[in-house]
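Two complexes come next, and they have one chain in common, chain A, joined by chain B in the first and chain C in the second.
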Partner chain A sequence: MTGYVIRRILWIIPVLWAVATVTFFLMHAVEGGPFDREKELPEAVKANLAAKYNLDKPLVEQYGLFLWNMVEPITYDKVLGVGLGPGKLAGPKLDLGVSFENGRQVNTIISEGLTVSVQLGMTAFLYAVVVGMTLGVVAALNHNRFLDYLSVFFSTAGTAMPNFIIAVFLVVIFSVQLGWFDVLGWEFGNYRKMVLPIISLGTLPAAYIARITRASVLEVLGQDYIRTARAKGLQEWVVVLRHTIKNSMVPILTVMGPIFAFLVTGSFIVERVFAINGVGRHFVTAIGSRDYGVIMGTTIFFATVVAFANLIVDITYAWSDPRIRYK
Partner chain B sequence: MADVRAVALELEDTFELPPQRGLWSDALHRLMQNRLALVSLFVLGALAVVVLLGNYVDAVQRYEPSALGDALPAGRHEAPSWDHFFGTDILGRDTWSRVMQGTLISLQIGLGVQVVVLTIGLLVGSIAAIGGRFLDNLMMRITDLAYAFPDLLFIILLRSVLQGRDWPILGDPVLQMIFAIAFVGWVTIARLIRGQMLSLRERDFVVAARAIGAPGWRIVFQHMLPNTLGPVTVAVVFGIPLAIFAEAVLGFIGFGLPPPTASLGRLVSDGYNYIQVNVWLVIFPAGAIALLMLCFTFLGDGLRDALDPRSR
Partner chain C sequence: MSLPKIRWAYLIMALIAVFALGLAACGDDDDVEETPTPGGETDAPTDAPDVGDGRADGGELTLATIEGDGLDPHFSSFASDISLQRMIWRGLYTLDADNVPQPAMAAAAPVLSEDDTVYTITIRDGLLWSDGDDLTAEDFALGILRTCNPDNAGEYQYVLTSILGCDDHYGNEAGFDAALEGVVGVEALDDTTLQITLAQAQPTFSIILSLWMTFPAPAHLFPNSGDPWPEPGPDAPGQLAYNGPYMLTAYNPGDSAELAPNPNWSGDIQPTLDKITLRFIDDESVSNNAFRTGEVDFANVDEAQLETIQVEFESTGYLLVLFPGTVGLEMQTTNETLADLDVRLALQRATDWDTLNATCFGSGRVPTTSWVPQVSGGAAPDAYEDVIGFDVAAAQGHLSDAGFGDGAGFPTLSILIRDSPAANCQAEFHQQEFAEHLGISIDIEVVDGATRSARFTAEDFELFPGGWIQDYPDPENWILGLYDTGGSLNNYNCSDPDIDALVDQARFNTDNDARLALYEEINELIVTRVCGIGVGLHLANHYLINPDTIGLVENAAGQDAVIAGDWIAEAWGIPE
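== the complex of A and B ==
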């Protein structure tokens, strides 16, 4: 198992390298450069800017520079900015350069956006888990009755509805018509700015979790030990909480990884609707303005999230089901 | 003797044999019993008729999708009426004809992507399954990598690469969009077909076909591919709403088809800017997207239940 986990983690490195390489050449293949404006800049200015950011060099050399700036080993005294004698290795530099738009460090831009994206993602995750599991359990306990059909309908419809369509309808009803919530923005702790983005982002995963919970709980309810628990006279809530839900958790846990990845990478649409300054929004604007550093940074960030989510899925599978033998 | 025979024949007639059905007619029978899927199929059929009429018959289309209203500024932001079924936008354009155009494009892209995805998927999946260990490993590593890409971001990037150049065949923006989405979407189908074919390869009827000396292409096309059709059909039907969704997202964030073409995503995005002024502008295209996505998903759900061998 340990060997498998280590190999799985090491596999992430070539994956990220491949993602970075493909993105690098694709993004340079996009028509137009970062300094093509509506109002044409003078040739000399353009040439100077290109030289400053190494854009005048051959593409392969730029690629080499980019890779080197990512993996160049740096030492602790460089990180801390003070000399502490011969430095110990601190890790790769992970320098993504600066944004052409405002000259700020790409790493700073991403970490700022990350705060907002993580707040949104985590709260949506919480919403999805609570709502999804409740719906799933209620449906399973009322198998083939009205509440079950209602829940199944909701979860099928919820997996089919695009999040920006949900967002649009929510805004029309609750912001424009009823005026309960704000149309734009995100502010942690202010419910007027939080409820609609969370519901828009979290409804699809909630529906998905509801589906899986329902199936899993139904399967557990058919097991012999549940009949035994009931036969020995345990109260219904004990049977449900301790015997059923606890044992039906494994399939639900295994989908948490992809759901988390979906919430982080899918948030850019919701961020766009509500004008929230998260990581995804930077990616969208950066492609529009050919802001190479920001495109690379956000793509690598998203790919890392996806890679680790896949890693967690594989590990939970191996851990939860001993029949899956990884050699 | 003759009497016995007559009795036997008579008995044969009176016995009610259970109707023998093949996989497909059985699946159709099951699909017919799924009310939600049936309603979805009906709605999609009706929608297709209305959309075709709305794009190619002037009496239904009534206005050119990108023709400006003649009575500016009086014709701007009208509410739905008998003149303009869905109202008008800021430029006085008729929302009904624009939604019709957008829905047609969505359907074209949803179906077109599946054609491309199925072609690539069949090719790659079959090669991986029957082309030997080296090819299989290579193909699977490639699909592993393709899985690692955040798909919507990658579609946006591909779309931007394809955009704004004079491509020999890919000049049409709709085709560009189809290929951008399909390049990301083929992986699932390829892996599905590979898995199906790998398990089919060991089945007795394939071994038997090989034993009587059937050529390789005949085994693949006659014996293996038809048996992968069930799961592949389900995956393809589920792929349609995903492609429609991808196109709508791209249109919504401004990487869609170039204006004045009215794709549904762009219509939602345009309407959303005037949400305080004219709610109708966003409701109709958003409703069209929702309807398409729901119907195709319910249909896919019904098909999966109908074709799933475990549920029989």
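== the complex of A and C ==
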């Protein structure tokens, strides 16, 4: 298993390089640049801005500079806040460059937004998993009865409604009209600022998980070993929890990886509707403003999270299904 | 009806709505933006802030705004940047409610040399930065040198083009050059005397000295003109010094900025608020909801919901002010068809800007036939109605004169727009009007904002909805570079010998009345000869303002950047 994990991690490096390379050249191939404004800048200003951000250099040289800033070996005094002593650990610089809009370090921009996005994403993920799996299991255990129909209705509605519709509805009704929650912001621990963003962000994945869970549990409930477990006289909750749910997990875990990555990397829509300062909005606004530094940074960051989320899912397969072993 | 019943009603409505959407389950997510609806009557612009009267000592305001790009006044070009910078820094002069420069950090009006090229400015005694350090002439010189420094790439350097040596230094391809900086015409003669030398007399230079790109830089913190200015982050407030009425106390990128009164502010009006919070909100519909719930005291109105907002807040909180900007339909005059004045006049006169305004902008703008707004030295909106106003018969006559009677043989032109509901609405409106009134067809080409801007700069367009927002209140800002042949911003290639001759006469004319009269002549030529633009609408700001505030009002000259009265934030307060 350890060898497998190391190999998978090493494979992530060429994947990220490929993502970075394709993004870099695609981004520069698109018409318009970071200094093409609604109100045009004089040529002298554009020339100085281009020089300031190295855009006056040949594209290949810019690409080389970007890669070098990423991989340039440096030593770290501390990692994740833990002091190691001067120059104890060597590693890549991982410098994603600067934003062409405000000159800030892209690493800083991402890390600032990431805290909020991870808080929001994790809680929305928790909501999605708890609500989705509960509805899915309840639906399967009550197949073709009222609770099943209710669950199917929820999952259909949740899948069909885009989160900006849900978010706007929730704001208008529960914030503006009823005054139960705030319109603005995110503050961990403050329910007035947490409930609506979590529901807005988590409802679609919850609905999706409910559908997958229902189908998977129904399939497992029809297996011989479930009939055997019941015939042995096991209590129903033991049959459900130990034998049914656990054995239904593989398809659920498969979708959880991308859902987790999607949620913790922020949502442009939900962050915009609730004016939350997460990392999600940078994905979209950077493209519109051709902020090359932020486009590269957010893309690489997203690819990294997806790659690691999928790795974790693959590892959890082995826990879920003892027949799966990695060599 | 009691409140709880209302709440239950909303809950029931919510459940019904969720059920209905669930049943529909059609997944329609392609467009949330609404077409603006026609608006009703609006309030007239108000007078200048009622300075300080009835303000309580203390209080807090939370104002919704869009986050700017940076804190460096010698680099900034974004309106939100400038809005914040005017709260925390102040220049030698400031514009009063009539757009006339008045001394701010200067002790008096500048003393000019005989040929009007050397400005000697005395700075008020005893000025201090917020951190207690002396604010001297050297700080003002440094501010100007920063804007002229090519390494800083200040986006508004071109406004200082008349300062001796500023263009030469800024245009130096090798970047900063100490020798070139040395000849830039700005010098601190002593602690309280600043001397600025112009290459040529510029009658509007005192106005320029009120703008952000001439704000002082704290030389005790950044001694060299190329020293980096702090980025807009949590550490920035402590790394800067301020000479405006407020100072930055916290900056949370993407979220908010907090201001507190500057204890060393030297202006006549003293700030009374304990704290101002600028809450960064990208989406105006979101800030409007936050205004409804009382989370913010001020918000810009979402133009797509203008009519609804006007009705909802008609008696309290809604304020319309003219904004010094003009938009219309820009036309590429190098295009073979559009080179013909009759064609341009036909397109101009076939456009009913009144109806377009109602259809696409909720009647939130002001139809006009003048390029330069009246508040900036231009003509009244209806001044040229008889020459370029909506008149189908006249439009058809012009098209016929151009050899395209009833639209026969007219090539299909393309209108280039950014992908937004309002732009789409305007393009479709033109398309329909031209087809109906002139029998011609145009294509609509939709691109994203950056592509549209790049195409405009490259002069790669035929028709282009666009315009201009003023940098400073003088007609020269509406004309120089924009309509003179070869002007750096003249992407529609307006080239008219009469306009060029008048520009030559006006540009350095020190007789102000004569200068303004010349610019008005140019304004008339631009609009009546449709020289690159078919003029249509003046812009306007629409604000939501908590009635329990003072000073968040605007004068008729439209000096706001993005917040009502942000040019004189020291007058803000809450009632006693």
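As a convention for this text, the second predicted complex is superposed on the first by the 246 of 327 C-alpha atoms of A that agree within 3 Å, B and C clash if a C-alpha of one lies under 4 Å from a C-alpha of the other, contacts with A are read in each partner's own complex, and residues count from 1 in each chain.
The rule is short, and it goes like this: a residue touches a chain if its C-beta (ideal position, glycine included) is under 8 Å from a C-beta of that chain, and two chains touch if they have at least 3 such contacts.
Source: prediction; values computed, not measured.
Of the two partner chains placed by the overlay, only chain C lies in contact with A:Asn102; chain B stays clear of it.
With both structures placed on the common chain, the touch criterion links A:Met1 to neither chain B nor chain C. Of the two partner chains, chain C is the only one touched by A:Gly113; chain B is not. Judged by the touch definition given at the top, the superposed model places A:Phe164 against both chain B and chain C. In the superposed pair of complexes, A:Thr23 makes contact with chain B only, with no contact to chain C. Using the contact criterion defined above for the overlaid structures, shared-chain residue A:Asn310 touches chain B, although it does not reach chain C. Taking chain A as the reference, the larger set of touched residues comes from C, when chain B and chain C are compared. Shared-chain residue A:Leu178: touches chain C; no touch with chain B.
In the superposition on chain A, A:Phe302 contacts chain B only, with no contact to chain C. Contacts of A:Leu41 after superposition: chain C is touched, whereas chain B is not reached. When both complexes are aligned on chain A by C-alpha atoms, chain A residues 30-32, 153, 156-157, 159-162, 164-165, 168-169, 171-172, 176-177, 183, 272-273, 288 touch chain B in the first and chain C in the second.
Those residues of chain A lying in contact with chain C across their complex are 30-34, 36-45, 47-49, 51-52, 101-104, 108-109, 112-113, 153-154, 156-157, 159-162, 164-165, 168-169, 171-179, 182-185, 272-275, 277, 281, 285, 288-290. Within the complex formed with chain A, the chain C residues making contact are 7, 10-11, 13-14, 17-19, 21-27, 29, 32, 69-70, 77, 150-155, 157-158, 167, 170-171, 173, 175, 231-233, 252-255, 279-283, 286-287, 289-290, 292-293, 295-296, 447-457, 468-469, 481, 488-489, 491. Those residues of chain B that touch chain A in the shared complex are 36, 144-145, 147-150, 152-153, 156-158, 160-161, 163-165, 241, 245, 248-249, 252-255, 268, 272, 275-276, 279, 282-283, 286, 289-290, 293-294, 296-298, 301.
By the touch rule above, chain A contacts chain B in their complex via residues 15-16, 18-19, 22-23, 26-27, 29-32, 153, 156-157, 159-162, 164-165, 168-169, 171-172, 176-177, 183, 265-266, 268-269, 272-273, 283-284, 287-288, 295, 298-299, 302-303, 305-307, 310.
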